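Labels run A, B and C following the written order; every chain starts at residue 1.
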Amino acid sequence: MWFKGLTLGLLAFCFTNNILAGGVETFDSDYAAFMETSGSSFFTVSNLWLLLAAALVFTMHLGFATLESGLSRSKNTVNILFKNVFIISMGIITYALYGFNAMYPGFAEGSAGIFALGSWFNPADIVTAANMTAEYADYTWYTDFIFQAMFAATAATIVSGAVAERVKLSSFMIFATLLVAFAYPTAGSWQWGGGWLSAAGFYDFAGSSIVHAFGGFAALACVIVLGPRLGKYSDGKVKPIPGHSMPLAAIGVFLLFLGWFGFNGGSVLNADPYLVSLVFCTTALAASGGALGSILFSYFLLKKPDLSMGLNGFLAGLVGITAGADVIAPGESIIVGLIAGAIVVLSIIFLDGLKIDDPVGAISVHGICGIWGTLAVALFSDAATIGAQLTGTLAYSAFAFLFSLIVFSVLKFTIGVRVSEKEEEEGLDYSEHGQSAYNI
Amino acid sequence: MWFKGLTLGLLAFCFTNNILAGGVETFDSDYAAFMETSGSSFFTVSNLWLLLAAALVFTMHLGFATLESGLSRSKNTVNILFKNVFIISMGIITYALYGFNAMYPGFAEGSAGIFALGSWFNPADIVTAANMTAEYADYTWYTDFIFQAMFAATAATIVSGAVAERVKLSSFMIFATLLVAFAYPTAGSWQWGGGWLSAAGFYDFAGSSIVHAFGGFAALACVIVLGPRLGKYSDGKVKPIPGHSMPLAAIGVFLLFLGWFGFNGGSVLNADPYLVSLVFCTTALAASGGALGSILFSYFLLKKPDLSMGLNGFLAGLVGITAGADVIAPGESIIVGLIAGAIVVLSIIFLDGLKIDDPVGAISVHGICGIWGTLAVALFSDAATIGAQLTGTLAYSAFAFLFSLIVFSVLKFTIGVRVSEKEEEEGLDYSEHGQSAYNI
Amino acid sequence: MWFKGLTLGLLAFCFTNNILAGGVETFDSDYAAFMETSGSSFFTVSNLWLLLAAALVFTMHLGFATLESGLSRSKNTVNILFKNVFIISMGIITYALYGFNAMYPGFAEGSAGIFALGSWFNPADIVTAANMTAEYADYTWYTDFIFQAMFAATAATIVSGAVAERVKLSSFMIFATLLVAFAYPTAGSWQWGGGWLSAAGFYDFAGSSIVHAFGGFAALACVIVLGPRLGKYSDGKVKPIPGHSMPLAAIGVFLLFLGWFGFNGGSVLNADPYLVSLVFCTTALAASGGALGSILFSYFLLKKPDLSMGLNGFLAGLVGITAGADVIAPGESIIVGLIAGAIVVLSIIFLDGLKIDDPVGAISVHGICGIWGTLAVALFSDAATIGAQLTGTLAYSAFAFLFSLIVFSVLKFTIGVRVSEKEEEEGLDYSEHGQSAYNI
């Protein structure tokens, strides 16, 4: 095994040997006994469902990539796709090396605080029957990791859309890595890791605040530091900069809708027929309500049936139901969606008035509707009080905003966060990558 | 809960309070007991499969949106995408408010006729253990709803393709709503709701007639009322109007093929290994036969290997096997597909000769191949007689045609169904939406 | 049943009556008894997983179609899409008529050699309870067929990318049919059909060699016979020919990543929670490692963050982990991916230096990384020796190369394999199909 030794040596600067050691070989024989018992069937089907849900959440990353591309100009398309390739790769690997244990500290043996240094690759943790069977959960530790890893990169993807078309690639890559690897698991542990917010009665089923408001307010801070695109606000007027491909944008939104069945449905954390089917219904009804809400509301305001608003309405409804998809009744989930659809239209117009330039509407869709969804739990169910919900959503929004404001400002005053005017006009595809997205 | 009260008040004009009331909170404790019995495992996996099938059928709506966009001109792309966003949203919500109970009247307690006024949101219906467990079916009521809701919007989507590039948006939205909300559940109840056709020995497994011929003949009526696109038939000649993006069209067809595994496979209504795997095989083999049939047949006729015909051949084979996917042997399903592939080529050429202008071939693919698939059940299996199949498929085709002819004619002579010549030449994206799909 | 008789008569020239006969009707009643036993639950969920995995692998064909289109010039897009429609249709049908039994000869009753003439449509084989229940496997025979059929067409799709933009359509269709229908099942039977390589201790979990190196080295032979595209290598320089749409290429790669969860995860051949979840983790981690490896390595070499290399890195990592996804530890799968990501960059540059013109990088991604992945099993696990792995991967690579070299050379000296210079310059869309992909 000289080859393994060599590669391990080469890679040792970034992670230690005990992280990389085995796992597969030392698999505990108790697992076989477990699988033979009658209790294994619900475990097996729940585990399969969580893995399929992880694949559906992965699909959302393609949805984000195409939506963001479609709503931007063609001269920045390679840059956008590159960022999305980087985010999902970096997100999965940093979550493996650090994030997963940091977010769920109680699951790492011997860990005592918020930060659980070490990693799930540690063989002592990974292959005991307790981590593979119902004593741990309704799924294996591997399944737990891959499902949560697919969530982790989402926060940075949300930011990517808001800063598109003028952000400096290297600075964004550094920022995205810090956000996904450190800020997201830290904040996530407050609720999903059994931290102070879960003790305070906060309720956020699949992450209206923990994922979406977190990403949306990180995006807000970055956009404030970065400033608007050239020519967007000139002579006191808002100049629309239309996206270059509405089919790409529509493909993105439909894929996000599809993936959300995994995002919300998988958050049941098992295959309970009642809960998973309820979540599928509330998710689809809120999304549909969101699209109709946005279409109607933007029609009254703008006198045009607006496709972009309809697409954002789907996402607004989906973000809106995410916190309470398992506790809000189907009929009421339509209302949650309709209101989210109206909110997102208002928010997009309002932010443009403040000269906050968000090419894809990420701050409105994820940030503002994330807050709305979190509050909707208290308004439409008994799962939490309005006070607990306000506390939680403000904690996530404020932390993400402040973390991003500080980190992105430090980057701004050191290596810079924005390309030059010339590069922005040429497009990032040429200046950053020397490639163009289309050669027709 | 002043907020809930307020929003309820605002929305009270469209649905009543008892429709919106709870559901989640009053969940019956018998369910927990059911889940602990040994009988729960087949229920759990069947329920999961139906939910995944619903997600696959949802994917078909993205397939329809991209196929229709790709086969139309770029100046009508925003309009097409907008219609598809509207159809799926409106379809899911009207099916929740009315269609589901109207289509399955026997499932609504106390309903006695074809129309089951009231809704599945009624808490007395929704949360009894009987509706969540095997006493009801192999899946929960929520699952039943979401799977059937994904089907419901399909009929209008089929029409959308046929009337593309010249239909007036507002009229189409009204028509689509009436078709999906009222006509489809009414006709659907004849067979799947236990109505007169199911009593007459009609067999239509997943909807060659109930969904596809229904949509295809609704499309035919609308196209007749609407007339062809400008310049399509001039000086006695057929002028081809090529679609603007074959990659978009191909993405659409592959996604429809993918989604059909849920459309047909989910129609088994449980996870029976034999039946679901048989249906996957017949579905894939018929689709493949359809593509090869269309490619070969169009090659002999047109002397060119035609991509559009190959793509339509996939869909022809899929529509063709839909009625008998669970009762036709795999080897014979190839023949069903090959014949469907030849039929669709002939039908497209024949309709063009009649100056019936269908930009995407929807009438041929869904209407004519829907009839073929329904008859194929009698020709290749013992599940039904040819007489019963003729009765059923004519009933669906005629009802859809007449309903659409009347409603669309009424719209024509009131608010109009067609844009002006100037608007058609400019493209619907500009005239209806003030947006353009591409800005490269 | 005159109709059935007629169509059977018409089609009798290509397959015999006993192949087409029934199957569904004669279903064995022992199956019902089996389903009632407690043993049925793992069977049911495993069968469902394999069917879903088949649907995921089907998605890969859309991924290949869009990736190949995106990386080629727009004037060859219709041709590429047509080839992909043909390959999947032909692949499924020839696998039904011949390939499945040839690849798994032990499963056809009474077959004794590598080639099992006859077909799985034979009613004596198809419907016995033994083929529907756990005595056969954890899934039905139908499921086995559809999952393996989705794999079969992959080899030809890999070649399709490498020969794009100058291959003669008819010759490619003949070659692809021979490769998929005969060469792939023959070689596949050596390992997965219980042949000589499986006896020799070779280990290839999901097909780094059996599918990917096989396809990659078939592609290499074809490219050598075919020669480079016009203008690619002139005056001793390599002239890049950029693809026409990076969004299409990125959609393709993300869909391939998604589908790989089914390709690798389904190769567990049941729903074992431990193994399937391990495979999901190793697959995603190796893909992520591959993208980061390619991005870093190409950055050091080319001084640009290269999107194409990042996309190829995903695929390199995926191909690299395919042989050992169930036996390599998650931490080590990152290393397998990182190395694959570096290899693919080197290989693409190296092949360009040899004037081997592969527009999509298929030889490097599937061929070279397929060999790497096969060897990685020996380097990072105890599942096989390096000798056995070398034997196996060379056997597949050499057989695919020689088969393709001979068949493609015979085609070259008979009907020709390349379009004329004029046709190549006009583009294959015009010369072969008389259509254009874009009409904007």
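A few points about this structure:
Everything below uses one rule, namely that a residue touches a chain if its C-beta (ideal position, glycine included) is under 8 Å from a C-beta of that chain, and two chains touch if they have at least 3 such contacts.
As the structure is a prediction and not an experimental result, all values here were calculated from the model.
Looking at chain B and chain C, the chains in contact with each of them are A.
In this structure chain A contacts its sequence twin chain B using mostly different residue numbers, the overlap staying below half. Rotation relating chain A to chain C, from a C-alpha superposition: 120°, rounded in steps of 5.
Chain A and chain B have Cα centroids separated by 32 Å. Residue positions of chain C touching 2 or more other chains: 38, 41, 45, 48, 52, 245, 251, 438. Put simply, chain A touches chain B in their complex at residues 38, 41-42, 45, 48-49, 52, 56, 73-74, 242-247, 250-251, 254-255, 257-258, 261, 265, 271-274, 276-278, 280-281, 284-285, 287-289, 291-292, 295, 304-308, 310-311, 314, 327-332, 334-335, 338-339, 379-382, 438.
For chain B in complex with chain A, the touching residues are 1, 3-4, 7-8, 11, 15, 19-25, 27, 31, 35, 38, 40-41, 43-45, 47-48, 51-52, 54-55, 58-59, 61-62, 65-66, 69, 77-78, 81-82, 84-86, 88-90, 92-93, 96, 119-121, 132, 139-143, 145-146, 149, 169, 245, 248, 251, 432-440.
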